[in-house]
């Protein structure tokens, strides 16, 4: 499965291939701790975790400590402290919050443990304390979505946005990227309102229902991820207005992929949790191997629409 | 032997009243609870206050103790006019109310309870434990209490809790102490301790107000008697120059007689039989039988295991030994529901906690034990329910404005009638009444006694549990005496003497073999 | 001697929860090589201090027979204020944060006092509303402290012991003494054990309850400030579900939901039990999904054991 | 409640005097408030009172409403149920996941069976073991959430063929122009209201909630009564999961998170006390609708979503205060 992905995604193929080979000739066995944001809240994080564990097992000599903060910043800080206490060789953190975890990262850094931030960036003030960041460029993703929206609407229209969980970096960056790019690229497209859908399909469905009542004309919907986007699509289908509306999401989910295939959904951003996990592990291993790793390691997240659908596998989540 | 027997009216004490209430009027919206009531207490005197339930005794005392504020009238204490804003205020002035209901905190020690709300402090808000201990010990000594200052109140017996309440009254040198039904939960052998305390308070010149339903007590203790009726003051008499009849007339406007002759006399087959029934640590080897049409009295002190026997028969406890036979067959109830289905009814000891759903209306309470009989396929039949209610409402002369009245708003007597009505509606084979007239006024009491006899005559087997000797004597065909979890004697209800009974329930003398006397 | 012992009867005896704490402590010491070390134990103390501080106040409120569900939200608001107002000076920010907690606690107490409505209802509403206030104030954003002194304080130690752990233990001691030695503390039991009697004894019930709501509000806010200092930041979602864990800890510690019974020492045990379980299961790498099940099952088990131990079976009828 | 209904009859039958109307208003405070808030919202947003908007709100509220109906029964019986949120996640994930694996009919049956089983566990612990319901259901909240995650491995579940299954009926279907969730909500509310008002079972639940001890001394099997209320609650959760799963055609593991609080907020807004022995389903229905309309109205007026929480808070305090003023008056007039 991971292999299939890598074959199709040329950009990443190299790095992931390197991952398996690097580990193969690593002399020392490493103990790496990872504290995740909130496994189980959606499939992306779960798939990420599974891929991470599989990759580490495949490597053979990596001992991993997998923790989940359950979305709670304080608990994540506690887990960071526990990992420092156990003196793991490196810590990978998927921050629950881009700012609140910085002191904990600093503590780990002070204790001489390299920290790799994965998936979601931390605030600039913390960049000095981390060894590297690995993950998607969420601002870039937002911009890409704005470009798609612009293309789809031909530069004119009224749209609404359903954002992710308030206060979470990914949600903020995607929204910021989208809004900024949209304004400069297509001043003719008006963003009427933004409401959070909390990464939750049912909630997004409800928000969309309210939008549909409130606005007689909606030309497009941008959702912070496909999970919410499909919720919005459901609501529009129910109201019989799905045909008039362009749906654009991010983090392509299986349901989103299918909807694109059916032509109900315009497009999304392809982001594989498997790539995400492999990239994080690889970055950590590179850091441990003493290689010169750049601070920001973005893996590519291409646009996906009906036109290039066949180039991508259906996501497993 | 029986301390209550010595009925001697005391000479009134001639002194200036320490406390005077003049023209007290207390109105609640829609009702005048007290109408221009006068009352006074002299130092060293026991002044009994009588009246039926709802006559306004408790309201008057609450006004006195600062729990309610009067709309009109004056309170004069030691020549000064007072206005009590709250009980603590009254307490500091020397007026203390000892409550009918226990007002103690079970999880706190005796000392903390006695000084509740006025713990001695040092260094700001810090409790001065040493002083608390010493002060408490001093008070406990004067009361000759058998418990320690650091005992948890929750672990004390009811009588001892009562002593804690009294001890609390002594914290601020009291000038007037109000006892509101102090003996309601005491057994006969616990009462003398209370009487001694009252005596010694009198000797110190404290004025005592004594509220009770029990004539014997009142005549034994008091110097003067005042009577309230329907919120109105009906008069004051000297105890030595009056009698029970006169006082009763003042209370209810007619005289009452305990009718010993009307006991049931025709008995049928055994309805209930207990054979060596035991529950670990509560009671052992209890054997008795109740026949159709017969009233069996179960007499004993609180804690002797009487209520527990009743609860076991009713399926609320599982026996550890022995058997229960109902109508000749051994029964084994898993819960109270089984017992009700089998035809047993229990009018429990505690009306408010066990007998009634106070927030429900009269009708719903009345049909609660027999819902099946007023419903088809689980659906209630409103008309049938009303019919049931009307039937018992009339038969028992329950005084309520409407069936919609919440039972919490009724007087004790009417509440008890509703509980009894609830069980009559199930047409039980055996009716168990646990303290059926506790805290009920004289009028309702007589009505309930008559009702019980009528029920027995119409074929019910009745088991009455009581700690009031006149009640047991007046009702029972046979009397089972219990002491410390065992049946100590069985007596014929008409021929037993009071001395014999007292001996049997206090564990004195040789227990008569249970089968010796069968009526 | 006996009299001193007597005053603490029932409290001097070792509480069941401490037996449990000792048991799991020994268990994890054997199960994980990382568990038994000074560093890990101070970690546990720091991690439990947040829930622990709130639980101190919650114990008072629950002995009163009330409950406060709004503590998580108060914590979140205080944290946001403590970071967000730092432009006006660190001291002002912290004072404002603590004051907000006490004010909201007072509001809860006032409504409970004046309406006599179940505290559960009142504070459930407050829990929603205060969370709304946080979002309103922060505009859904996280705040980051520019002042490093603030974040450094959260990470500082005295000797080997973190300052946060010391603050927590000190507060525990003070609250224990207040509960067992002072008039207010003793009245707390009286009010929960028999409200009617307390009124008669001249205890001003409403005022007393309100003070305890202010206390729990204060501790929730203090926990929020300290948590914010640990993070050097505050997030609007901070403190979500904390009320549930706090109540769990207090109940584990033997405080009765019906009021009138409880202790700070028990609460400390309850807080530590949860902290050690979480920490130990982390070290043993129990998957996160199973941790939820294990914690729930343990809570129910403790409840069952408590029922079996504490109820004298002879006194109670079979109902 | 049956008795409450009947006590009001004299007022309604009697001469419609000013006092009668005022009495009615104060007795039905929450209803008046409901209509008033509808009026205010309609001033600010013209879409608010449109038929489509009202239908949308009621449909959205129906999931919370269906659960609230069940929880109200638990509360009348004198207990709480905080585990409904997790239970909703559990049931939804289960029915959606099994839909493609064993077919919709079987999936629904299995889901109902297992959800009722969870209800039975609650009922066993609270009813038969007589543990404190707040703590037990709090613990079950955590346990069930763990079970959901273990079952799904943390993955979202989806129904692949969304167009071609009759399962869509429950969340998206219409009967006579009314959305099925709304119908289901109404039907359950009426059914349970009848159960509570017109049957011996309902009377027993009121008795058990009003005074458990006295209920036992009246021969009512209290423990089983309490047990059964949790089955009703679980049944309602299963119905809600049917709607939710069908509406979304997929589910996340935490889909029900926080529902327990919204359900309680709705019940409280309706004016049911949490002490047991009192309350009614129709009050709960109104409370849930108020919650829904506040959320919708504020959104239409352009306020951010969290303002509804603040407004809910203020309303709860006001309602509590109003209700108190009412009660005080009633208490005083019936005092004898």
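The letters A, B, C and D name the chains in turn, as written, and every chain counts its residues from 1.
Following the convention adopted for this analysis, a contact is a pair of C-beta atoms (placed from the backbone, for glycine too) under 8 Å apart; a residue touches a chain by one contact, two chains touch by 3 or more.
Everything numeric in this text was worked out from a predicted model, so none of it was measured.
Sorting all chain pairs by how many C-beta pairs they have in contact places C-D at the top.
Using CA-based centroids throughout, the chain positioned farthest away from chain C is B.
Distance between chain centres (mean CA atoms), chain B to chain D: 44 Å.
Separating the CA-averaged centres of chain C and chain D is a span of 30 Å.
One simple way to say how far apart two chains are is to compare their mean CA positions; for chain A and chain D this gives 36 Å. Averaging Cα coordinates per chain places chain A and chain B 73 Å apart. Residue positions of chain B with contacts to 2 or more other chains are 316, 335-336.
Contact of a single residue of chain A with at least two other chains is seen at positions 39-40, 196. Each of the following residues of chain D touches two or more other chains: 149, 154, 213, 216, 304. Chain pairs that touch one another: A-C, A-D, B-C, B-D, C-D. Per the touch definition, chain D reaches chain C in the complex via residues 125, 129-132, 134-136, 138-143, 145-147, 149-150, 154, 212-213, 216, 222-223, 261, 264-265, 268, 273-275, 304, 306-310, 312-314, 316-317, 320-321, 323-324. In the complex of the two chains, the chain D residues touching chain A come out as 45, 47, 50, 52-53, 56, 60, 149, 153-156, 158, 160, 172, 244, 247-255, 296, 299-300, 302, 304-305.
By the touch criterion stated above, chain A contacts chain D in their complex at residues 39-43, 45-47, 49-50, 193, 195-196, 200-202, 205-206, 209-210, 212-214, 227, 230-231, 234, 238, 253-255, 258, 317.
Of all residues in chain B, only 67, 86-89, 91, 97, 99, 101, 103-109, 112, 116-119, 121, 125-127, 129, 133, 148-150, 152, 279-282, 311, 315-318, 335-336 touch chain C in the complex they form.
Contacts from chain C toward chain B in the complex involve residues 3, 6-7, 9-10, 181-184, 186-187, 189-190, 193-194, 196-203, 260-261, 314, 317-319.
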